[in-house]
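In the two complexes that follow, subunit A is the common piece, with subunit B as its partner first and subunit C second.
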Partner chain A sequence: MSPITPELKARFEKIVARYPKGQEQSAVIPLLHALQESGGGHLTTEHQQAVADFLGVPMSKVHEVTTFYTMFSLKPRGRHHISVCRTLPCALCGCGDVAKAVRERLGVGPGEVTADGMFSYEEVECLAQCHLGPVFQIGDTVYGDLTADKAKAVIDGLAKQGGR
Partner chain B sequence: MEPTPKYLTRNFGNPAALTYDGYVAGGGYAALKKALGMAPQAVIDLVKAGNLRGRGGAGFPAGVKWGFLAKGDGPKYLCVNADEGEPGTVKDGPLMEQDPHQMLEGIAIACYALGIHQSYIYIRGEFHKAIRIVEAAVEEAYAKGVFGPSMSGSGFALDVAVHPGAGAYICGEETGLLSSLEGKKGMPKLKPPFPAVKGLYDRPTIVNNVETLACVPHILNLGAEAWNALGTEKNGGTKLYNVCGHVLRPGYHELRHDVTLRQLIYDVCGGMKPGRTLKAVVPGGSSSPILLPSEIDVRMDFDSLAKAGSMLGSAAVIVMDDRTSIVRALDNLLHFYSHESCGQCTPCREGTHWLYEISQRIVDGRGRPGDLDRMLDICTNMVGNTICVLADAAALPTQSYIQKFRGEFEDYIRAGERRGLLGGIEGKAVAHA
Partner chain C sequence: MPKLSIDGREVEVPAGTNLIEAARLLDLEIPHFCYHPGLSVAGNCRMCLVEVEKAPKLQIACNTAVAEGMVVRTDSDKVKKARAGVMEFLLLNHPIDCPICDCAGECYLQDYYMEHDLKASRLEEGKNKKEKAQPIGPHVMLDKERCVLCSRCVRFTDEVSKTHELGIFGRGSTEEIALAPGKTLDNPYSGCVVDLCPVGALTDRDFRFKSRPWFLKETATICGGCAMGCSVVLDTNTNPYNKVGQDRAYRLFPRENREVNGWWMCDEGRYSHHSVDRGRSQGPRLRGKGVPADFALARLAAEAAPLVKAHPGRAAFLLSPRLTNESLFAFRRLAESLGVAQVEFGDDLKAEGRADGFLIQADRNPNSRGARELGLGPRPGVLGGRDLLKAAQGGAFDVVFVLEHALDPAALKALAAATKVLAGFHVQEPVEAGIYTVHLPLAHAFEQDGTFTNVQGRVQRNRKALEPLGDSLPAYAWAQRLGAALGVPQAPDGPEALFRAWTQGRPELAGAVFEPLAAAAPAAA
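On to the complex of A and B.
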């Protein structure tokens, strides 16, 4: 079954219409984002093939894009994917302590998912919120001025909430 | 310090300005109306006269770049660089989240002046909120007839669309951005040809930063002379600066272009945290060479910082206090550049990798005599030998950190001495997923 639901198809068509005729490949990134969001946080081979077929672009081109950009994941992620910033401005403000606290609280390392599937963890480069450092991003939300305790409290709060 | 009148940030903190009506109530879209009453070339000349320097990092005069756009029939494009990713930089995100119509007005004026009928706003993928806000503003601009078949009733057609990135610093480089917009890996391309001649879909293209375009309405409203008076010679207008690191009050501020680095740190941001002193400062994002405390009486404009041996870049100031290990600070940045190199040029791919390898062994206390000269040698081979300037962006800071803090590096190597903190980050840089 195609992962492209009728709703997604309508969304896809609107996205493709932004680009000139013959330049459908431009829609690869926005389409992959839409599929990754609706498809549970990672991209399968079927997802990539569906984008390739929809746009009439070779699968290899789609796969190249999937692997080049850090926001796309080929492996399942947790319901809450935590991206801790590791770059200099955050490092000056103590992101090492935050990263350590998060790893300890979750019991996972970079690229790993907790056993219950609730959280995944990653260390990323500058999130352009440096004046709030240390920061991490979970979904759409950026949390700033973190300390080890604040970071754990955020995770505890999400764990209590359960689902998405 | 003279207080700065607010232009770019005049709507910050006013949620009403997110809507078309709210923006218009504050005087918005008046500049577009004015532009539409002028000849396109007159608009370009005005921006030239306003000495608007590109806010994306290179400081290239926007009006001059616009003058390079190839003439002739067929599609041309304006691509807005909203990929904000230079470590330390926080300005384009706030500009989009707090006043999206200001950028859209700048886009509309630029497209009219340049005879461009299609613009893409390339927004960094992680900026979910900015993407949402700008998409909503674009939709409203269509509904109000600003965009569409007849821009504000002028008969000039303009289409504008948001395009998200997906996490790659190199897509901030203008030709990398265009590759990414074409649905490919974000690989930069050799210049010339410059995008103004052969850019998106091989068509003439202007790439401008968000802040550059946000300045445009104000030049029309104020006139070139008043706009120039806010800055220094050849650096017109106000500027958004972000200060981060070890100052008392980190944050972004719109200030006159003639503010000095000392004023920015001590007057605007409250100086160093209690009991600490300044050790070093990066004035223009991580790619700019480092400055010593004796070098901070410099004006924060493109030419003054170039004269001081550094660069204004993205005007992102990273402040380091006396407890900072410069060795580890450099190590952190070398991880960044080796991770972000797109890999297509050998001097960059291998150079950033070797620099980070050597740096890691120094940090681990396994540094060898000759390592610093080895690093400087690698830098020499990187600068000017690659397709884009990411290689230079890694090499120039490396040279400056080593040259200005050579003693600290040598101590570290000689004694394996782990002196100084980097705010708690462990000696071994955190691994990457």
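On to the complex of A and C.
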């Protein structure tokens, strides 16, 4: 069964229409985002193939995109996905300590999910919030000026809330 | 045409030429990994940086078109420093496992390291580990650690084979070449990615660990796998372990020829070099029994000569589109001196496959066009291959000579039953060799000089790279020995004299020479 539901198909068509004719390939990223959002937070091979087929581009080109951008995940993530920036400006501000604190609090390493499925952890390149470094992003929210303690507090708060 | 200067030397080239190609005309090599004349420009390796006057920064030569009055330096300190810097980055995570790498000796990284780098690594952290020796298709092995991510192989599968099996996945220092999910590198031209790979990341499963390239002898020749006649290089070497005790074929790879095959060849052609050792007919046979050549020829003459002399109309030659122009000509001349009119090349009996609209031709023979142009096709008074067989099976001929045709055993039996003398000449020993009155072994195309005329009508030079196996001989040589035995001595012409003879009176071939310059060395791309 195609992972593209009729609603998703209508959305896809609207997205593709934003791009000039013959350059449909440009829609790869927004389509993948749409599919990832609606498809449970990660992209399977079938998802990627469906986007490739929809746009008429080779699967290899879609897979190059999904493996390049950390925003796309090829395996299930936790309910809260934590992306810690590890690029130079944040590193100078001490993101190493933050990352270490998060890893210890969660007990997982990069690309892993906690046993209860609540959190997943990842180290990413610059999140374009260098003025707030060290930063991490959870879902759509960026948390800045972090310290090891602040980072743990954020996670504790989310853990207490349970859901999203 | 814009005129520019490179390292102080002037050169004039067509507008649009890039600096790598312009420098090549001056015999200057601008080092490069990702640029390849047969692929789109990617500009990602940065090895080709050069200094262009008035440009504030170094420019990549592969993506800089020539301009009138341009002043280019490829040898300044700035350029040298940039190259060394690029090399350092490329080697950062490289495993430097040249001693166990099949590419050693023909690797751009090795050559450029010696020429442009020569420094020890300053990396203090450990190197990234990636997968090694992964088969990614029937013919190709991938070593991800050795890859310099030039993307040549990806562009080949996108632009030439259009099969899109490969991609560059991931990001940063863990980025790697891999198969797209669900794919294997299994297309009719897959072996070309090995030629394209500037390093040892992609190696040929057929050739791997068979020989170090510096032991191999190169011969510039033609692939005989189909009517396209791709320009190729055949690598040969003595193998101390083979039982034959003489040079054998190791590999075939394409030679640049923009008029025919570009830089490519098909896998079927590439691995066809094994045919030189597969099921070869090596010794003359008399009714299936191995005998010396002179004895076989004498017996053949004793049985056939009186019959041919009495009724030349009851003798026939079935030639083949697998023979060189020179051999076809020699047999035509022999038939003429015997007064035999029925000489034809069996166009309708030959092996056919499917054409792919790119290189592979339906006609799987190298010289159908040559045979046709030599006037050996069916013509008034001369039967085509199938008709000839039918007539012969009906008893129309006393003596039939069959060269290089894999006839099915039933047809062959019927033929033998209806004729008095049936002589066969093949490269590969026919299963029914005993059916022939006399069977004589033919040399493989790799074992003889000559020409083939490809489907476009290009007369192309086939070059001898190996000595004929056993007692096999090129067909033209058998024609001469046969002539002597049958009492019609032939001129003892070698392939060059035969070439001159058959091209005479062909105005479109006026001035053609058999040995054009030296066999062109394969161009480094």
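Please note the rule applied: the second predicted complex is superposed on the first by the 164 of 164 C-alpha atoms of A that agree within 3 Å, B and C clash if a C-alpha of one lies under 4 Å from a C-alpha of the other, contacts with A are read in each partner's own complex, and residues count from 1 in each chain.
Criterion: contacts are C-beta pairs under 8 Å (C-beta built on N, C-alpha and C of every residue); 3 or more make two chains touch, one makes a residue touch a chain.
None of these values were measured; they are calculated from a predicted model.
Enquirer: Following the superposition defined at the top, how do subunit B and subunit C come out on subunit A, clash or fit?
Expert: On the shared subunit A, the partners clash.
Enquirer: Identify the partner contact of A:C130: answer first if only subunit B is touched, second if only subunit C is, both if each is, neither if none is.
Expert: first
Enquirer: Between subunit B and subunit C, whom does A:S38 touch in the aligned arrangement: first, second, both, or neither?
Expert: Neither partner.
Enquirer: In the overlay, answer first, second, both or neither for which of subunit B and subunit C A:T147 touches.
Expert: Neither partner.
Enquirer: Going by the contact rule set out at the top, does A:T114 touch subunit B (first), subunit C (second), both, or neither?
Expert: neither
Enquirer: Is A:F72 touching anything from subunit B or subunit C once the two structures are fitted on A? First, second, both or neither.
Expert: first
Enquirer: Using the touch definition from the top, say if A:E64 reaches subunit B (first), subunit C (second), both or neither.
Expert: both
Enquirer: Is A:C93 in contact with subunit B, with subunit C, with both, or with neither (first, second, both, neither)?
Expert: first
Enquirer: From the options 75-83, 381-389 or 399-407, pick the one stretch of subunit C whose C-alpha atoms clash with subunit B.
Expert: None of the options clash except 75-83.
Enquirer: Determine where on subunit A the residues touched by subunit B overlap those touched by subunit C, and list them.
Expert: On subunit A, the overlap between the subunit B and subunit C contacts is residues 61, 64, 68-70, 125.
Enquirer: Considering only the defined contacts, which subunit C positions touch subunit A in the complex?
Expert: These residues of subunit C touch subunit A: 154, 157-158, 164-172, 180-183.
Enquirer: Where on subunit A does subunit B make contact in their complex?
Expert: 18-20, 23-30, 32-33, 57, 61, 64-65, 68-72, 83, 86-89, 91-97, 99-100, 109-111, 121-133, 137, 139-140
Enquirer: For the complex, which residues does subunit B have touching subunit A?
Expert: It comes out as residues 75, 84-90, 92-93, 118, 120, 124-129, 161, 163-169, 180-186, 201, 242-246, 250-252, 286, 316, 318, 320, 324, 328-329, 332-333, 335-336, 339-340, 422-426, 429-433.
Enquirer: Which residues, counting only subunit A, touch subunit C once they are in their complex?
Expert: Checking each residue of subunit A against subunit C gives 45, 48-49, 58-61, 63-64, 67-70, 125.
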